[in-house]
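Paired with chain B in one complex and with chain C in the other, chain A is shared by the two complexes that follow.
Showing the complex of A and B:
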């Protein structure tokens, strides 16, 4: 943990309340995010127990699977999920604006601007915790290779319409969430953890309720006390007062309440199959009982997630979050186009080129995110200054100098007094940068003065004339912050198209020539 | 540290008596298992855990008696699923399991046929079962045929206390190699499983490998495979699939940590006479007894030790920065409490010209951090409030 964050945690311990780690909001928040609280069945892969979702905090859609091991009921659940999520996603697909995209001409290899469509906004799904993001990925994987009856009439277990499509979108969102700074699929715990430090460890911060306890404890209680109560408080039966944010449930709840209710549902169904009198009614009652239980486990988390969003909305957005959201919009538009073009679902494993591309993107975006967060937020910049990667100081002297040659260019020398200790090589020559109206201006580090002041030479953004443009050179008395890192990230390496993957990397991937076979579905899937 | 076969050495009676006293006269000892050993090895500096586990104290009951019950427990859905999957994998005389072992680890050995052996390992008590297992392993190695040992019992002496371990299965191949099999019910999706879960399984399997090596050392022609077989459900189905997992690293780490474990004898010798962890005693007395043994609490304990909530409470009360994460304590160096660190951060800079030699570099860094943080927060506070007040109507 960086020392500045450690200090914030120490302060939080003393204050008994969370302390800020950021002064602006570093992630885009949609006007209308979709909150999704999923629950899963312990020990089963991809057997959802229920979900609460929607864009209105007061009106969630509740889906519950009364017997998670029943394939038909699982399909009903996934169909219901698709019924709610797909209109939300599609709602963003058709509102577009013209934009330009850089493309490489395959013949000349030159980069050209191409007219393209860009969706004006994109969907944003917020889940309670990191585990929820992973669950979205898992659901995506479990759905995207399924076939509907329309696609494959022979399939004995066809998936409901739109379920495979939802699988592709969930996969795309989960994949995108691995890109640093992206905001299409976010978790409330990570969002809060980015902006506030609590007096507990990172591990304990994974618990949404306890994390919120540090941020907004009720009147008369310290954050530490309330967080502890939320984390550990149990009723007389040993069940947690505040259910975990999931997708895993409290084992005491599973054993004490859920399992008996599910057994009653099974028994009622067995009786209905034997055509007992009034059996239908009992099945409905039993189903309602399970539904109430599962809902009780999700309701807290649902409210907490919205509470987290409200807390984040109170922070002013960072200036450069819009830039990163535009990248998310491009990603959304790109996937929309792939789906519309009838491309097959994402393969089980990425081919060499795609994998390398994804890694390169994540690296570039990480560099970009680090730089942008520091530029947007003085508190983040303070961390970089402490690490010697940036420095702020007052300009004490400006001396005009020019390049030699026929058309001399301005190269003024700026002397800076700073208390920071940037990691600059003593012999000089290192480059430093400052933000000038949002653009990056480069300086060369020349030397240390004897009294510790730094001498920098301005290198660009001064116009084409002999005299620098007004305002482009710092003046005596200005307080300026320079960074040792560049303000924008360089793109990754140029890679061949997947169909030209060299044999050293496995050759062209198989999924380009033949469609990926769906998961084999057998009776065995049902325990 | 080898003590196999597990005969009770007579000179240990005093220690046994001492440990029984610590546990409480009416409390039966709780045996060490692979999970607790793996957790123990993950935090070798914790004397409290070493002593309590070594003495066979039921930490769950103790934690409840102390007023900080553990949050452990498994959902019956997971247990049912795990059991039914294991039964499926081992069904039909273990044919499917042996086939997986042969395909993934078998090398040149001939495939297992219907003559594969599944010896009966039932015997009375853990010592009896361990002896029976040792015999079956010896026979299987001598026979040179595919053999599946279903739930064998292995013995391993840890910190002066014998532990009995029960792996899911051990496969002996015709070449005399013994392979540990771990059957887990988390899925392997597209050939990859959750890395945290695989890591836990590998640490657990490493303990079994170590225990098997004690036996293998005495059987000619026997060799313990350092690749274990992890069997999981394939994708979203109930069909088994497997992957070999190399546990050399985990084995080496566990071995080293177990050798470093403070010996229970030494820990017990340091305690005042009459001290007891009997859960029937009043909470105040127990708290005192528990604090007589030093602990090394870190947040990771929460997932591995029943006593963690109690230790966390004590650590927090003592202002130990390790409650914020293991790395934090390392970062703060000589400043061992939260208050000391904050005092250092808030202290004024040493006077101009004063020698910086006596100044702790951590304290100096904290001071700089505090100054930079305060400066940034001040700057942010000076900004106009958000959401910005509505400006005059947009002219457009």
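Showing the complex of A and C:
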């Protein structure tokens, strides 16, 4: 953790309120995000209990599974989920703008610009906590390999229409959420944690309620007191006053209320099967009772998630978040194209090349995110300056110099007075960078003066002539911030195609040369 | 111990490696090399023999410094051998000394070097070479520090390869989470060798049995603590390496620990227990003072190569730390004591380097917790195995208790080979040994 963030946490403890870690919002927030609050059943992997979702804080769609172990009801639930989420996702698929994309020509191997279309906006799903993101991934995995009746007429248990499609989109969103700085699937706790420091540990910050408690405690209470109350307060029956953000539920609630209600639903169904009088009515009542219970657990989190969004909306967006959102839009467009082209769902495991490519992308994006957050936000930059990775100072002298040769180029020397202590090598030679109208300008570090001032040499962005373009060289008295890190990240080298996976990595993956043999042990291997 | 001839054992191992490389039937050969076991010598020898056999050879190293070092060694051993140094197009991509060598061709374009018998570059640069005629043979140096995805990018360039590396040093890492691939044979964040062997378990594996760098006082400890299943020995016997001082000690902590290190090869300067920031001013000051005193007292070394004592210069001393800010703090402290020319760096950057005397700021000194980073086996192994004569460790008291309070809690991933010994165990065994050479001191 950067030293400045530690300091902010200490200050939060002393003040009893959260302290800002950022002056701008570092993630894109959609005009119309879809909030999804999922709940899961204890003790049963991938058995949803219910979900509250929608784009309108006042009008959520509530889906509840009255008996989570009943697979038919589970698929009804997932069909309902798809019914709501897919129109939201598809709503972004057809609004496109022309754009250019760099592609490698397969014949010449040269990189060329090709016309492409880019969706002007992309869906954004916000879940309450990081566990919610993992749950979206799990649901995606459980749905994407299913086949609908249309795709596989022989299948005795076809999946409802659009459910496999939802599985593919959930998988895509969850994979994308692993890319640093991406904003297509976000969790409220991570969003708040990025922008504010509380006086509790990172682990405790995973609790949306107590995190919000630090941000806005009620009158007369400190954040710490209120957060503790929110996290641990229980009623006379030992049930949490504030239900957890899920997907896991409060065990006391499970045992005391939910389990009996589900048993009553089971009993009512059994009676209906025996065709008792008024049985249908009793099943409906029992189902309604479970529904009310589960809704009561989600409603609070639903409001808190929107509260978190409202808090973040109050921050001005960071300049470069748009740039990162454009990458999300490309990712959305790309997946849309793959789905439309009829490609199969994402495989269960990445092959060697895909895994390496994903890792390379994420590392590049991490470097880019670190740089962009610092450039967008003086508070983040202050942390980098404190760590010796950047410095700000006043230009005290500029001396013009030129390169030798037939066409001399300007290489002015700039002397800077700074109180920061950048980690520059004593002997000089390292490069430092500043932002010149959003573009990166490189300087070479020449030497330390005896009085501690730094001498830098401007290297580029001065035009092609003998005299530098006006404004391209800092002037005496200018206050400038330099960084030791580059402002953008370069992608890595191109990897071989999966069908050319080398012998060191096991050769081409089996599914490219032969069909995958079905699992011989279980006929339904979905998770 | 009698009857062990280090020279003969090493020669036998080398001969077997070369036999498998030149005449074996498998596409790859893996060589494990403990610290200072003559890995570079082996690479140079294998390169020359492969070139002599007419095999077009590419050499993959991990850093530009390693590449330049290999080129210089090759040119030194065989001034006739034509060597290509493929470099990036950045201005200062290679050591300017290479320009003086007539047998070396420098270029940023692989096409210019295609005809040469040997071409050397970094893995990062090789990854950009496309559509070239595949090389018949490759030597991959520091293969345990190369990541699996880096090997994936270059493996299409060669038919067969010799992989050489030290399994005990720092594993490659990634700045982003890669847990989703943990347990897959081709986990891109794992080391190149683990992927290679997972897919090709039949490849012959050799190891070099003798460390020429580590003195007789260090090899048994390093071997036992970090290489329990592939023991190695030192090339020199007890007493063959000697460190002494022109001036007697003044009885201060730094002087006593230097005397202890001269006598036994190891010294632990223990400061009073305390939780401190990473750049613990007292510990940093103590490190600097130990270096200063070693120079002031006119330390001289004698070894098997030059029995006559030669002065220990600043260039032959290194200070190792876990973090870069600690290294920066030590540099500042040394400068304020007027010491220049001493190498101060993190474990990551000291890998593969060799000095006469090393002074190590213990990674766990003054810490309230022991994280996986600080416990990593390779980090301690690098810091404890850079020296030819002696190693002085500076630490706050209480590390053993700290270790006991923080057993390894990393989640166990299915399919991932558990590294043994783990950092916890290795730290304890090194600490137990250092305790015998302890000098308590209050600055």
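Basically, the second predicted complex is superposed on the first by the 510 of 527 C-alpha atoms of A that agree within 3 Å, B and C clash if a C-alpha of one lies under 4 Å from a C-alpha of the other, contacts with A are read in each partner's own complex, and residues count from 1 in each chain.
Keep this in mind: a residue touches a chain if its C-beta (ideal position, glycine included) is under 8 Å from a C-beta of that chain, and two chains touch if they have at least 3 such contacts.
Note that this is a predicted model, so its numbers are computed, not measured.
Enquirer: Using the superposition on chain A described above, determine whether A:118 touches chain B (first), chain C (second), both, or neither.
Expert: neither
Enquirer: Examine A:279 and indicate which partner it touches, taking first as chain B and second as chain C; both and neither are also allowed.
Expert: Once the two structures are laid over each other on A, A:279 reaches no partner at all.
Enquirer: Tell me which partner A:349 touches in the superposition: chain B (first), chain C (second), both or neither.
Expert: Both partners, chain B and chain C.
Enquirer: Is A:496 in contact with chain B, with chain C, with both, or with neither (first, second, both, neither)?
Expert: A:496 contacts chain C only, not chain B.
Enquirer: Name the contact category of A:506: first (chain B only), second (chain C only), both, or neither.
Expert: Second partner only, chain C.
Enquirer: Would you sort A:442 into first (chain B), second (chain C), both or neither based on which partner it touches?
Expert: neither
Enquirer: Figure out whether A:362 sits in contact with chain B (first) or chain C (second), or with both, or with neither.
Expert: In the superposition, A:362 contacts chain C only.
Enquirer: Between chain B and chain C, pick out the one touching the greater number of residues of chain A.
Expert: B
Enquirer: Taking the superposition as given, does A:44 touch the first partner, chain B, the second, chain C, both, or neither?
Expert: first
Enquirer: On chain A, what residues does chain B touch that chain C touches as well?
Expert: 349
Enquirer: Which positions of chain C touch chain A when the two form their complex?
Expert: Residue positions touching the partner: 27-28, 92, 124, 127-128, 130-131, 148-149, 151-153, 155-156, 161, 174-178, 180-181, 184-189, 192, 195-196, 198-200, 324-325, 328.
Enquirer: Across the complex, what residues on chain B touch chain A?
Expert: 69, 71, 73-82, 84, 185-187, 189-191, 233, 235-239, 299-300, 302-303, 309, 316, 319, 321, 323-325, 327-328, 331-332, 338-339, 341-342, 345, 365-366, 368-370, 372-373, 375-377, 379-380, 383, 386-388
Enquirer: Can you list the residues on chain A that touch chain B in the complex?
Expert: 1, 3-4, 6-11, 13-14, 20, 23-24, 41-46, 68, 138, 141-142, 199-204, 224, 232, 234, 249, 251-252, 254-255, 259, 314-316, 348-349, 377-379, 381-383, 385-386, 519-522, 524-527
Enquirer: Help me check something: in the complex, which residues belonging to chain A touch chain C?
Expert: Of all residues in chain A, those touching chain C are 109, 178, 180, 349-353, 355-356, 358-360, 362-363, 366-367, 387-388, 423, 429, 492-496, 500-507.
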